[in-house]
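Each of the next two complexes has chain A plus one more chain, namely chain B in the first and chain C in the second.
Moving on to the complex of A and B:
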């Protein structure tokens, strides 16, 4: 900064004055703007005083008198107060920033915008913000709000015995997390479920992606006749709503009456396989089903990418004497992965939380003695059971937080490593 | 420097705002005196203009006549709304109660009472002994929690023995008899008798009949410390259950989550001569064109009846009503003999009203008679919240028993251990 050369300190003065919103602008002689900030501030407090007062009190105490105070409603009021405060602070920060900037302009001897110019500026620069604001507000309440709720819930003792209106919910710090790692039953279940969740995510997703790409490349061969029909058939599993497919698979894998044991395996001379009652067989069946459900999407996407690869690349490679395998590993695969990597990553995160297939196929079963969750339960279906059967809302929220942390970390790390996020284009 | 300064100012603002807030509530309203019971202030309680009732879906037809006669007798208007009883009413009450839109009376399955009372959604009611005497004892005990009465029973249901008249002439008297019959009938895709014994709801029958129990009763309340699911009787019951699977009388395909659908399918296709199932399954069977017979469960080898689990739907007064006295009156009115009879005639729900069980309407109806008779041997599902911890471990144990992966004794010991740990972790002692 070249503040040393300046003789005046309008920037600093204006910023300091605008601690009372509007006064910095008055100092800069922008009276209309200052008045707008001042009115905004006053009306903010007039309109939200009750919300903020009640909300913050509720957020800190979670209520004081059982029956009269409903802790969960107070928590919700508190979150609303937090959001309103955040919005207020944004406007407040803008007010200081604006005063400082204009003061700076005066320091440098530049002329300030007139009211008319300010108005035009606002329209020109503010238009995009105006356009995104409805969506933004909706997002704040539909996405941010529930996330805050879960995060806060993870630090409370909300369960059946601390349920409003009869009882109050209290803040308990990180007790829930301590319990999950300390109490035998919880720890054993958590790591058991976690282990399977990771195996499930990697094996099921990798299989479905590999199968999709493999089939796409196969179907894309030049001399294949009837491509349209083959493609349509491969995309069909995608056309059937997945929950219907899963329910039908669940019937097909029935140990006594299912077509898998009774007809298919019987025909090749393999005895009945305990698909539903032996955990590892259930897991295997689930991986098969997920591959079936998931590959058409990858297949369709890869087909699209393959068609956009120019033939010249292959012709040049042929001229240079590349083998088929070299063409595949040096041209086809990099281009396909480059174009689809972000979507493949989302497939991993999707399967990490793939509740439908786990829950509908065998309800997370089969049962395992001495554990809180079933043999094929992944974290998300375990959380569902915790909330629905044990009413352990606080603990479930804590597990949810751990789960989200994992998903977010992995997703961020992978996204950052993906080429398509680093470079603008490859070709 | 600018940044840190403005940040500091923001902090000042936030702190200032936080300091401003506090419990500056208007004079706190008198703490709810409805907890003190309704007994003393009945006389003073003025007649409300109207009462609101939440009834199960599609059961309003049975409620309407009762409401009309109540309106005529007391001059209080009653409105009702239909909501799914299984969980909608409870979930909605949780939200609407504190928000001030709560109904005065709701209907709930009795096994939710413990949970809902713990959450503070229902209140105790005071009813004359003469009224209580009109109901069967077990149905009243189902409405009790912690020694207090929270409602009056509306209807009961319990699994019974259902058989295909084309395949089985008459219901056997004893389980031994059924066992020999099943041995003969079970060949090549045909089954003599099927039951979902891997589901604790159905398995409780033989286990309790042999002497097992979930929670023992102590001083009029269920004792959560005393779990009798691995005692000698329970093990005998589990051995009895295992026999059906290990000898191939039950196929493996009726084990697990989708077992119920598989069993219904077999019976409706005429491939199973008899099943153990609840009265709710009857309509589907009749629709499938099966000529069904219904009777009580055959007696066990020790001469005891099968002690099935009983579900009792009840009428409960919410904690949020301003008119507990009149709400209780309304509950008494809609459960009285006359209205209970109307209920049976319109919805086929079987009210546990003593005088009605001998009444020809029920006595001459094969299904209703069987359910009513079986109800006498049945045990109400425990309604304490700790029961939630029993289902999962027992299902695991029964499944491993059914698939032959574990010996009954070992599996049940394991289950009881898990149940006790879960109760300790999830339900702190009061």
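Moving on to the complex of A and C:
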């Protein structure tokens, strides 16, 4: 054998040979490692052959005989097959990578690690993977799995009329998306809900942020007495679990016995307001409630920032003859906004998906003729209704995908600008 | 003279606004306490300060034969505590690995977490529902806890990783030089220094399941397995108004301890969020 000629090709050869897992390692004379890869591969196929075979058949056909084949269970098994395949492919890729690397080392005339060294290496390099694995597996099953499921479901006709086991579910391509944008009922509902979601997100969040900052600055005035007690009072809405506050408000705004109509508005001399049955009044009430719920958080954050601004800054500004307004717009506001910006942005994404306040206050109602969502439904509560009450699973999944795309786009745009994303060792 | 007058006006206005806001904040809370003391079931004839207050509704809630309230209370505490413990363990391990080791897949893992923390995990509620039905975990607390923990991992991992990054790496490197094992560095060097962020993650992962409504509502089916949020909602929704005074009593009993705890730990919340938000 002409060693000189061969040297430049160990890497390639080993990688090619490891198309059959283990053989690349054998070629590199790492017999133990090769045997482990080979055994892993064989046992992988032995253990998962049925899972994969059945899973992929189910995934493609979604069942052929009604009653006997349960399309949704087949879909679940199909996703499991996909995940198993992905894990298998990762190991497979690692096998090729390892063979190639060691072959390369031989090309360069370096010593390969002994079995003992390999074992120590495995312990060292494997440690982070070992630590991550509990969280990772949980994440795969309760977060990634559901996401894959929803993505696939969005392309099926799964609804009340195609409900297993009596009926089969079929792949319908992008029909759900077409329907949402083309059928009158769906289009009207979608854009109605979408519009209100955007208005809701911006108005409610901006109001709570503005109120929080305003009150923090107000309470922070130096010559104001009783700061501690005022701050405790203003934190209270944050301290009480929000689902309780919302349910309390839904009682207060109730049209027949609610205290808002009966006592408060009566005292001012305004007649009863249809809080629960008129779309726009419900929306107004919701914005009020969310401001009540949300301002303490911003209030607390801003107070923290304000207390860290050195007095000298203001004293210097006073010496330079700055007015109160100038001090506010040139010193206070920029510092506060800079420090709380990331938190303020998460408030917007939070309200975009604020299911609790919408659902617990009035169930997303009142009902509106000509569309299948209530007057105060935002996207997330609409999805809930499509799933839990009208069993429009396929459509619900399609709407979920649209919602997720919006959230991810905004989120990535936001995080591109934050420090953590620019951290050098992330990339 | 005019400066003094200005100051007077400014302070008076401030106090007025504060008084108004305090009224708006406190009124609903007082109202619910008042309602809970009203005799009778509904609120039709109730007043905020009832003439003949009664504790009957509180007694009713503690009557194990008539009401599942105590069970809900226990369920909520159990689920939140277990979620907290599991979250702290998994998040510490994950965050530590991401902060201290450079391994293949680290970058993609971090990016995945970043995206995942943006999508609330109840967005995939159909999937969670179907999956739970398929695995038989529907209507069990175990299923609910697993979903909570999984949902907590991405955000809290980022939060804790941000904090761990600020602990100097020289510390663990010198410990490793002295022959400390991986686990020992993690457990005896880094974790003791990370106590503040562990406290924050623990608080968050306790509060989140406690306040969650949607997942518990989807997964739990029988009355006695409900958590506080679902139970109280059912109480109000079933026959609105007819059990409102009982609901009010139930709310007071849960709101007071939580609010007290919260006010005690409030500083941690704020510092944890600002630390995680800007450095995370």
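Just so it is clear, the second predicted complex is superposed on the first by the 349 of 427 C-alpha atoms of A that agree within 3 Å, B and C clash if a C-alpha of one lies under 4 Å from a C-alpha of the other, contacts with A are read in each partner's own complex, and residues count from 1 in each chain.
Throughout what follows, a contact is a pair of C-beta atoms (placed from the backbone, for glycine too) under 8 Å apart; a residue touches a chain by one contact, two chains touch by 3 or more.
If you're wondering where the values come from, they're calculated on a predicted model, not measured in any experiment.
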Chain B versus chain C as contact partner of A:274, first or second or both or neither: first
First, second, both or neither for A:223, with chain B first and chain C second: second
Partner chain in contact with A:127 - chain B first, chain C second, else both or neither: second
Touching partner for A:147 - first (chain B), second (chain C), both, neither: second
Per-residue touch tally on chain A - higher for chain B or for chain C: C
Which of chain B and chain C A:254 touches, first, second, both or neither: both
Chain B versus chain C as contact partner of A:73, first or second or both or neither: both
Partner chain in contact with A:164 - chain B first, chain C second, else both or neither: first
Residues of chain A at both interfaces, chain B in one complex, chain C in the other: 73, 250-251, 254, 256-257
Sites on chain B touched by chain A in the complex: 2, 5-6, 9-10, 13-14, 17-18, 20-24, 28-29, 31-32, 97-98, 115, 118-121, 251-258, 261-262, 319, 385, 388-389, 391-393, 395-397, 399-400, 403, 405-406, 411, 414-415, 417-418, 421-422, 425-428
Complex interface listing, chain C residues touching chain A: 7, 10-11, 14-15, 17-18, 21-22, 24-26, 28-29, 31-32, 35, 42-44, 46, 48, 89-91, 93-94, 96-98, 100-103, 106-107, 109-110, 114-116, 118-131, 134, 146-147, 149-151, 153-154, 157-158, 162, 165, 182, 186, 210-211, 213-214, 218, 228-229, 232-233, 236, 240-241, 244, 247-248, 251, 254-255, 258-259, 262-263, 266, 269-271, 273-274, 277-280
Chain A to chain B touching residues, read off their complex: 12, 15-16, 19, 52-54, 56-57, 60-61, 64-68, 70, 73, 85, 89, 92-93, 96, 100, 159-161, 163-167, 183-186, 250-251, 254-258, 272, 274, 276-277, 362-363, 365-370, 372, 389-392
Contact set on chain A toward chain C in their complex: 72-73, 76, 124-125, 127-129, 131-132, 134-136, 138-139, 141-147, 149-150, 153, 215, 218-219, 221, 223-224, 230, 232-245, 247-252, 254, 256-257, 259, 263, 292, 300-301, 304, 339, 342-343, 346, 349, 353, 355-356, 359-360, 380, 383-384, 387-388, 393, 396-397, 400, 403-404, 407-408, 410-412, 415, 419-421, 423, 425-427
